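Next come the structures, one after another.
Note that chain A is present in both complexes that follow, paired respectively with chain B and with chain C.
Moving on, here comes the complex of A and B:
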């Protein structure tokens, strides 16, 4: 009896072993390789990022296709693409800041503070510097300002220089003294908050004791950039 | 002996025709578990020849060793240490030991 029982157990266990063996054999033969969990994770992440990239490229393709479609419609209707190119030119003129513009926005007025100096306090603490103006402009740009002018001089990032010049500031090669009036076109609420919110540069200036005032306006008119632009070193790359 | 061979062949046939494939992730775990099972099998044959075969010890060894090897491989994978080497080494060594003893018994019988 004992002998028979042990034979049955051996039979069943060997069946299991054979089953395991063939399963493993099929697995190896199928070409599946051993990949650790960590590798699976990194590969999944890689695939995800590639898919996002693909989506972006697809959007770009759609844009270009729609642009081509616009050109084609224009050729079909009027025989040339002049009108479409004109619309595009208008867009780039706006972006470059050469055109005079109007729109809703904010007016920021900054001038030196008039509080009394503390003992041994540096009077620079109460003066408006070129850096202050630059920082305010940066805050406004970050908040989505589309066009900015200081004292009637249009500010174009990378081209406009804002230089300290004693009691005056030089903007676009013109000298200005205080008060400095920064006009910015964009979402009024956002721009106002970009100056007034705690920790923003405008708020800090007020804390120092400088005079700073923000007003919103539904109609601001900004002049175009009218100084001559000369590029001495930049050359367009062919192709 | 014949019943063992029939068992293994039957297992292979069943496994071959049942459409179950393990995921590639478990390949290494399966291989150490199989090694542990083969080790228990050789241990069982040896015990049988020495006439002190106990089916309870055999069954518990068969499954216990497989599960331990499986667990070792899994823990090693999680910790980044190839712990399944330990299982492969231990079971491999014992396999050859058992086989040499089985050989001696067989030769003595002849």
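Moving on, here comes the complex of A and C:
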């Protein structure tokens, strides 16, 4: 008898639980669909990204406004804009990678490793490849390098290709062989860490057994990008 | 009998602990992740925030356009009867074009790169965000094939652009970007397409790893300018 009674109690309790759940569900739901945490996270990230972009746009606007101001002052004072225009020209020349630059930075020397090969080891493991140079440059750029050159050839990411060409590497249509000397202008400490830190590519290369050396320098001179460029396909929208 | 009641007591205590843990978990998720509201309201809030951020961006972009035209007007006014200034202005435009500071268009290709589609039959952990070097290689291949302008998700590749994983995003020009990546390149469309689609080339490598890649040739590709300023803190111009 006692057993039956307790069964009835449990049945009633479960029923009440069921009703409560449904009411709660209806209250919360009120015509809304299921939202996953992933959706929320994606959206949060998108907003962050756009906000960073907006901050950059604001800086650009400030820059444009100050430039217009400079033009106006120049017109008022001298009647034309020659001097301001020349400064502006220098700025864009520098930013497009045409100017030879100097400044503090690091020199990275990479060449083939000279350790003995292990049994059945692929000799490629000890050679410097185009991808290695590319990865090193990428680490340097990420650490805030303002100008980079490999074996005296300026590297600008929007034009320069670094491509394997048999025993040599082709950079800006010129051929270079090892040892590769990468020079970068920027904060010396950051750049040095960008090669030597344990998770960086330079460190990995050293572990493989390649020769890699980083030196800092207070004065590096880098050439400008000087290969003639003719744009055949690209047209400015404004003209 | 005694043993049984002891067992019940134990189960009771364990259930209580479980209850407390569950409620703490709920509170933490609600407090940190949803900022105190339920998922749906949170999503709505975020949607509103996103729309307003986008609207703000449009306003800023049109403002930039406005100032830029004003600037161009001043320059063209000044160069009307002064050949020196006219030459300087033309030169300035050339360097702007070279450096990626002008909107450009022309023939080229468009590549859409996305993470693998979720499929139970072939589960894949590949995530392009953690293999940013593949994007680097792709950009390098495009350069080697003679691309004249490249952008990724409308972020123009310029002379000091970095492509890099940071957290859960690929950072390009210091702006975090998320897949799908739309990579546009202007240049000879046949050469560009042939170069990336080379056998065992970058596109086939990406596809083999499970990524979604689509390459389209196009007669008119539009690539936006780099909207930002480049500050040099260390490098100075070398005067001959």
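Basically, the second predicted complex is superposed on the first by the 174 of 239 C-alpha atoms of A that agree within 3 Å, B and C clash if a C-alpha of one lies under 4 Å from a C-alpha of the other, contacts with A are read in each partner's own complex, and residues count from 1 in each chain.
As a convention for this text, contacts are C-beta pairs under 8 Å (C-beta built on N, C-alpha and C of every residue); 3 or more make two chains touch, one makes a residue touch a chain.
Everything quoted here is computed from the prediction, not taken from an experiment.
Chemist: Between chain B (first) and chain C (second), which does A:226 come into contact with in this model arrangement: first, second, both, or neither?
Modeler: A:226: touches no partner chain.
Chemist: When the two structures are overlaid on chain A, which partner does A:96 contact: first (chain B), second (chain C), both, or neither?
Modeler: After superposing on A, A:96 lies in contact with chain C but is clear of chain B.
Chemist: After lining up the shared chain so the two structures overlap, which partner does A:27 touch, if you call chain B first and chain C second: first, second, both or neither?
Modeler: Touch partner of A:27: chain B, not chain C.
Chemist: Among the partners chain B and chain C, which is in contact with a greater number of residues of chain A?
Modeler: Of chain B and chain C, more residues of chain A lie in contact with C.
Chemist: Of the two partner chains, chain B (first) and chain C (second), which one does A:6 touch, if any: first, second, both, or neither?
Modeler: first
Chemist: What is the contact status of A:40 with respect to chain B (first) and chain C (second): first, second, both, or neither?
Modeler: both
Chemist: Given the touch rule stated above, what does A:19 touch, chain B (first), chain C (second), both, or neither?
Modeler: first
Chemist: Need the overlap of the two footprints on chain A, from chain B and from chain C, as residue ranges.
Modeler: On chain A, the overlap between the chain B and chain C contacts is residues 28, 32-33, 35, 37, 40.
Chemist: Can you tell me which positions in chain A touch chain C when the two form their complex?
Modeler: For this pair, the touching residues of chain A are 28, 32-33, 35, 37, 39-40, 42-54, 56-61, 63-65, 67-68, 71-72, 75, 80-82, 85-86, 88-90, 92-105, 131, 134-135, 138, 141-142, 145-147, 156-163, 185-187, 221-222, 229, 231-238.
Chemist: Residue numbers of chain B touching chain A in their complex, please.
Modeler: Residues 3-4, 6-12, 14-16, 20-25, 27-28, 30-31, 33-34, 37-38, 40-41, 44, 48, 53, 55, 58-59, 62, 77-78, 80.
Chemist: Considering only the defined contacts, which chain C positions touch chain A in the complex?
Modeler: Going through chain C, the ones touching chain A are 33-34, 38-40, 42-43, 46-47, 49-50, 53-54, 56-57, 60-61, 63-64, 67-68, 70-72, 74-75, 78, 82, 84-85, 88-89, 91-93, 95-108, 133, 136-137, 139-141, 143-144, 148-150, 156-164, 168-169, 174-178, 186-188, 222, 227-230, 232-238, 240.
Chemist: Across the complex, what residues on chain A touch chain B?
Modeler: Going through chain A, the ones touching chain B are 5-7, 9-24, 26-28, 30, 32-38, 40.
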